[in-house]
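Listed after this line are the structures, all set down as C-alpha cells.
Common to both upcoming complexes is chain A, partnered first by chain B, then by chain C.
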Partner chain A sequence: MKKQGLLNFSASALAVICGLVFGLVILLCTNPAQALPGLGIILKGGFADGMSGFGYMLYIATPIIMTGLSVGFAFRTGLFNIGASGQFTMGAFVAVYIGINWTWLPPQIHWIVALLGAAVGGAVWGLVPGILKAFRNVNEVISCIMMNYIGMYLVNHMIQSLIYDPLRSQTQPVSAGANIPKAGLDQLFSSNNLNIGILIAVVFVVLIYILIEKTTFGFELKACGMNRNASKYAGISVKKSLAMSMVIAGALAGIGGALMYLAGSGKYMQVLDVLSPEGFNGISVALLGLSNPIGILFAGIFIGYITVGGNNLQLLNFGPEIIDIIIAAIIYCGAFSLLFKHLIGKLIKRTKKEEESV
Partner chain B sequence: MNTLYFLAQQTMFFAIPLLIVALGGMYTERSGVINIALEGIMVMGAFVSIFFLNIFQGVLSGQVLLLLAVLVASLAGGLFSLLHAFASINLKADQTISGTALNMFAPAFAIFIARMVTGLQQIPFQDTFHIAKVPVLGSIPLIGPILFQNCYITTYLGIGIFIAAKIVINKTKFGLRLRACGEHPQAADTVGINVYKIRYAGVFISGVLAGIGGLVFVIPTSTNFNASVAGYGFLALAVLIFGQWRTGRIFVAAFFFGIMKTFASAYSGIPILKDMAIPNEVYKMIPYVATLIVLVFLSKNSQAPRAEGIPYDKGSR
Partner chain C sequence: MEYVIEMNHITKEFGNFKANDDITLQVKKGEIHALLGENGAGKSTLMSVLFGLYRPEKGEIKIHGRPVKIDNPNAANELGIGMVHQHFKLVHNFTVLESIVLGRETVKRGFLNMDEARKKIVALSERYKFQIDPDALISDITVGMQQRVEILKMLYCDNELLIFDEPTAVLTPQEIEELMKIMVQLVQEGKSIIFITHKLNEIKAVANRCTVLRKGKYIGTIEVADTSKEGMSEMMVGRKVNFVPEKKAQTPGDPVLEVEHLTIRSKHTGKNIVADVSFQVKRGEIVCIAGIDGNGQSELVSGITGLIPITGGKISLNGKDVTKESIRRKCIEGFAHIPEDRHKYGLVLDYSLQENLVLQSYYEKRFQKHGFLQFGAIRDYAQDLIQKFDIRSAHGATSVARGMSGGNQQKAIIARELDRNPEIVVAVQPVRGLDVGAIEYVHSQLIRQRDEGKAVLLVSFELDEVMDVSDRILVMFEGEIVADVRPEDVTIQELGLYMAGTKRRA
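Now for the complex of A and B:
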C-alpha cells in the first residue's frame, strides 16, 4: 500500500516536471533571453516575496482546495461534478447575504452561521443533479452544466435585488463579524488576505479523508462509484448514495465560495455573465491530486504556489496565462501516469534483482 | 411578422454552432471516447482562424476568406483534438484528464499568444461576411426571410454538415464500424476492425467540427475574439446528451435550445413580453431550466453508447 502511494507520488512529480519543461519551451519560443529567469520566478513562486507571498499563496489555494475536494469526492463516488462552479456561486451568495443582513447575530458565531448557510446553498445546488440522477437517470454532467448557468443568473438577479451597491457595481460589504477570523495569521504572514480559511479547508480535507477511507457510509458511496449493480445486490441503497454524494460535493464547493468572499480581502461578488472559474479549477485540482483528499490539499497549494509565481512573471513582460498553460500541461502529463508507473515499477524491480544477484 | 423573421434569423446564430459541435461530439462518443474538451477545441479553432482572418483581411474579403477561415479552423481543431485522442486511446488514461487539460490550455494559450503578438488580449476582425439577402432565394415568401435574409454562409454550412453527418454515421461502412466501436469494441476487433484507428477518426472528426463550430459561433455574434466561446462547448455537450447521441434528435435539441436562447436575448423586442416587467435574468435562465425539465421526462431510457468512456485494451478481449 505504501509502495503504491510512492508510485503515485513519483508519477505526479514526473508530470509536474514535464509540465514545467513544456512551460520553459513556451517561454523560450516567446522570449529566449528572459526564459530562464522567467522559469526561476515561477519556481520561486510563493517564496519569492517572503512571508506575504506565502500568505497570498494560501489565500489563492483555499477556495480551489474546497472545489477540488468537491470534484474529487464526486469522482470517488463515480460522479463527474462539473457543477462545482454553480455550487460555489450559490454558497458564496448565501454567505454574503447572511454576512450583510443577519447582523443581529453575535460576531463570534456570525461567520460560522454564514459558512453553514453557504454549505446549505451549495448542497441544494448539488442535490438537484443528485436527485435527478438517482430517480430519473438524468446524466449528471448535463444537469450540472444547466445548474451552473441557472445558479449564475439566479445569483446575479438576487444580488441586484437584495444586496447590491450600484455605485461600485458589486455587493455591499459584509459586516465585520461575518469575516472569517484572522487569528493572528495575517500578522504572522504580514498578508491582509490570510485568515483561518486555510485551516478550515484543511479540516475538511481530513474529514473527507476519514469519511471516504474509514467509515461504512464512505465505503458504500465508493462501492456505488465502482459498481452500481454489485452495490445494489449487496444491499446498499444506490439512489440514496448518489443523492448524498452530490449533496456533500455541493456543500464542499459552497463552503469554498464562503471562504473566498468572507476573507475580508476586498474581493466582492459582481454581476457578470461568467461562470466562476474556481469551480472549473476544482476539476484540475482534483485530477492533480488524484482525487485523494490529501493529494488535493497539496495540489491546491501547488497551484496557488505557481500562480503567485505567474503574477510575479509580469515583471518580465510575460503574460500570467503561462501558468494556466503549465497547469494544463501538467494535467495532460498526468495522463501518462499509467505509463510512468509501469516504467518506474520496472525500474524498481530491476534494481531489486540486481541487488539480489549481487 | 417581421419580429418572427428576426427571431428565426437570430435562432440560426445560436443553434447552428451548437448543432455543428454537438454532431462532432456525437462522432467521438459513438466511437467510445468522451470528449469534454469540446469547449477548448472550439476556442482553439476560433482563435487560429480569427488570427488568420486578422492577418489576411487586407488581402481577401467576403465569402472566400470566410471559407478559407473555416478550413483553417477545422484543421486547428482537428490537430488539437489529436492530443486528446493520444491520451485517451493510446495511453488509456481517464478521458476527463486530457479533456480538462485541453479546456484549460486553449484559452490561456490564445490570450498568451495574442498578447505576445499584438499586445492586446482581443483579436479584432472585420465582418465582411454578412449577407443581407441572397439573390433570388431571398425573395421567396416566408422561407426567404427566415433562411436567406440577414444571414451568414455558415448557416448553410451547418445544415450541410448535419446532412453529411447523418448519412455518414447511418449509411456508410465507416459509420457502422464507428458505432460498433462505441458499443462493443471487443466484438468489433474480432471481426477485424482496427478499434484504435476508428476511435482516432471519431475524435478527429469531433475536433474538426468543434473547430468550425468555434468560428461559426464568433462570426455573427462579435467583431473581436476574446479567447472565449461563452461555454458553448459545454452546452453542445448538453445538446448531445439531450439529443440522445442521435443525429435527428441532436438537430431538434440544438434548435430547441437555440429558440429558447433567442427568446432570452431578444424578448425586449417583443412588445407583450417587454410590458410584463419580468427581470432580465429570468429570461436568461429559461433555456437552462427548460432543458432540465425536458430531460427529466426524456432520460429514463438513456441511449448512451455502451463502451463510452472505457479505454479499449486489446488484452482484455
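Now for the complex of A and C:
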C-alpha cells in the first residue's frame, strides 16, 4: 500500500518535471537570454515574495482544489464530470446573489448560508446530467458540456437582470458579512486575499477521502463506477448512485465558485461569454492528483504555485501569453501522470527482475 | 524423437509463490498434447512463459531442438506459435475478415488491400469446412463461430503450434464435436496442438498424450490411450474424485419458489423470450432447467432475480409475493444468485477479494457502523470464507479479484452466496470453466444446501450435470417449458429430443 503511494507520487513528480523542461524550451525560444532566470522564477513560484506570495498561491489553489475534487470524485465513481465549469459558475452566482441580497442575515452565518447556496446551485447543475445518465443513459460528457454553456449564459443573464453594476460592468459588491472570514490568515501571510477558504477546501478533501474510502456509500459509488452490472446484481441502486455522484461533484464545484468570489479579493463576476477556466483546471488537477483527494490537494497547491511563479515572469518582460502557455504546458504534462505511473511501474518490475536473476 | 517445442525445467516465481516449479512440456509434431490441471495449477503461467509474457527464473525453451528466447508475443508468433484464448480477443464491430487480418494488414501504397487476405481466408475456411462469412460482423455471429475466427487467425499466420486454452468451455455439445473434428484434421495436416482443458472426456476423445500439472508442479506425462479417466483425475487432483456426486434420497417439502405465468417480451423483436412459464421449487429439491443455450433460460433467471424487468407473471418466495421487490429486498428475503457471467455480474473485478466477498452484505450491521465500513470485521469474515471455501489467491483477502484464476473467482462468488444462508439458490452454469475437483466441490455444496432443506434452481447446458445433480428436470425450448421429468425416468437421448423441440411432455 505504501509502495503504491510512493509510485503515485513519483509519477506525478515526474510529470511535473517534464512540464518544467517543456516550459524551459518555450522560454528559450522566446527570449534565450532570460530563459534560465525565467525558469528560476517559475521554480521559486509562490516563495518568491515571501509569505505574501505563499498566501497568494493558497488563494489561487483554493477554487481549483474544489473543482479538482469535483472531477476526481466523479471519476472515481465512473463518471467524467466535464461540467465542473458550469457547476462552478452556478455556485458562484448563487453565492454572490445571497451575498448581495440577503443582508438581513447576521454576518456570522451570512457567508455560511452563501456557501450552502452555492453547493445547492452546483448540485442542481450536476443533478441534470446525473439524472439524464441514470434514467436515459445520456452520455454525461455531452450533457455536461451543454450544461456548461447553459449555465454560463443563464448566469450572465441573471447577473444583468438582478445584481448588475453597469458602471463597472460587473456584479455589485457582496455585503461584508458574506465574505469568508480571514481569521487572521491575511495577517499571518500578509496577503489580503487569503481567508479560511483554503481550510474549508482542506476539510472537503478530508471529507471526500473518508466518503470514498471508508463509508458504505462510497463503497456503493465506487462499485457502480467499476462495474455497473455487478452493482445492480448486488442490489445497489445504480440509478441513485449515478445521480448522487453527480450531485456531490456539482456541489463541490459550486462551493469552489463561492470560495473564489466571496474572498473579498476584489474579484467580481463579470458578464463575459467565457466558460470559467477553474472548471477545466479542475480536470488537470484531478489528473495530476490521480483522482486521489490527498493528491488533488497537493496538485491544486502546485498549480497555484506555478501560476504565481508564472505571473512573476512579467518582471523579465515575458508576455502574459507566454506565461499562460508555460503554465498550460506544465498542466498538460501533469495530465500524463497516469502514463508515467505505468512507465515507472514497468521500470521497477524490470529492475527487480534483473536483480533477482543476478 | 524430435519435438516441435520443448519447455524444459521451467520455474516461474511471483515473490515467494512458485507458479511453475520445474515443469517440462514436450510436444511432438502432429500430436494433440493435452495440458491438464486444476485452476491455479500453473497452466496459464506456463503458456504465458511460452508467449514471452513472463520471463522464467529457470529453464529453457527449444523449438525444433534449437534453444530460443521469447521476449514478447510477437516473437512467439514469428516462431509459429498461436493461441486461441479462453476469452476471445476480437473486436466486436469488425467483420470476420477485418478481425483476422488485424495487425497483419496487407497494404498497397498506404491503402488497405484486402483481396489477397480474403482469398486466403475463404480458402482456409473451405478447407476446414468452417462455413464462415468473411463479411459478417463479429457481434452478429455465435460464440462457436467467433472461436473459428480465432482459429482462422492462427491459420492465417501460418502458425505451426496451436494452443487452445479451454476452447470448449463456451461451446454447445454439437459445437464441441465439430471443434474436435477440426482439431483432428489440423494435426493430420502436420500442425501440433496444445489443448488446455480439464474435461477428461475431451482429452480421451482427441488427445494423444497428456501432461498433468498440480499446484505448480509437474506430475507427469502420459499416453492418453493407456490411462483411464479416473487415473488422470487422480493425477490432477491428488486424490480420488467422485464423478457422480453422492446424493441421499429426499422427499421435497413445501414450495419455496413459485413462478406463475412468467412472461418476458423482448423489446427489440416483440417476441416472448420467456412464454408463460410456471413451476415450483420445493424445500430439499434441486430443480434443473435444461436446454440448449439461448432458449430463454438466462432471461428467465434474470427475470426471477430482478436483473431484467418482466412483462407479466408472479414470483413468490415461501408464499410471499416478491414480484415487485427490489433486488436488495429479494436478497434479504433469501435469494442467492450465482450468475452466469461472473465477470459481468458476479464480481467487481477491480475490488479486492474481501470487498467482493461482502458485496451482498456490506450494509449489514456486522460490517458497518453508522455508514462506516468496519474493515477489521470485513477482513476477519473474508479470512474465514477463504479458509472455509479454500479460495486461493496471491495475496489472500486483499488480492484484486481481476488477478485471480477463474475457478477461484467462482469459488469466491459461491462462498459469498451460500454463506448468507439463503432460502433458494439460483445458480446458472455454476461449474462453467471449472476443473473436476472444483466441480465436485460446487456440486457437493449445492447438494448440501438441498440436504439442509433449502431449494436450488440450477440452469445447466451440460447433460451430465443435469442428470447427476438434479431431482427434477425442466426442459426449456423457445421460451417455454416443454418437459417436466425426473432424471431416473428419462434417458439422455430423450432429453436431447425435448431440448431440440421435437418432443413435449409438460
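The definition used in the following text is that the second predicted complex is superposed on the first by the 318 of 358 C-alpha atoms of A that agree within 3 Å, B and C clash if a C-alpha of one lies under 4 Å from a C-alpha of the other, contacts with A are read in each partner's own complex, and residues count from 1 in each chain.
Just so we're on the same page, contacts are C-beta pairs under 8 Å (C-beta built on N, C-alpha and C of every residue); 3 or more make two chains touch, one makes a residue touch a chain.
Given the structure is predicted, the values throughout are model-derived calculations rather than measurements.
Residue contacts after overlaying the shared chain place A:154 against chain B, while chain C stays out of touching range. Contact with neither chain B nor chain C is seen for A:348 once the two complexes are overlaid on the shared chain. When chain A is checked against chain B and against chain C, the one touching more of its residues turns out to be B.
Legend: residue contacts after superposition of the two complexes on their common chain; A:327 is shown touching chain B, with no touch to chain C. Contacts of A:162 after superposition on the shared chain: neither chain B nor chain C is touched. By the touch criterion defined above, A:141 reaches chain B but does not reach chain C.
By the touch criterion defined above, A:233 lies against chain C but remains apart from chain B after alignment on the C-alpha atoms of chain A. In the superposition on chain A, A:219 makes contact with chain C only, not with chain B. In the superposition on chain A, the residues of chain A contacted by chain B and by chain C do not overlap at all.
Only residues 36, 83, 87-88, 91-94, 96-98, 100-105, 107-109, 111-112, 115-116, 231, 234-235, 237-238, 241-242, 279-282, 284-285, 288-289, 291-292, 295-296, 299-300, 302, 304 of chain B touch chain A when the two sit together in their complex.
Touching chain B in their complex are the following residues of chain A: 26, 30, 80, 82, 132, 136-139, 141-143, 145-147, 149-150, 153-154, 156-157, 160-161, 273, 275, 280, 283-284, 287, 319, 321-325, 327-329, 331-332, 334-339. Residues of chain A touching chain C in their complex: 214-217, 219, 222-223, 226-227, 229-237, 353, 356-357.
Interface of chain C with chain A (complex): residues 55, 57, 305, 307, 326-331, 337, 339, 344-351, 355, 359-360, 362-363, 368, 371-373.
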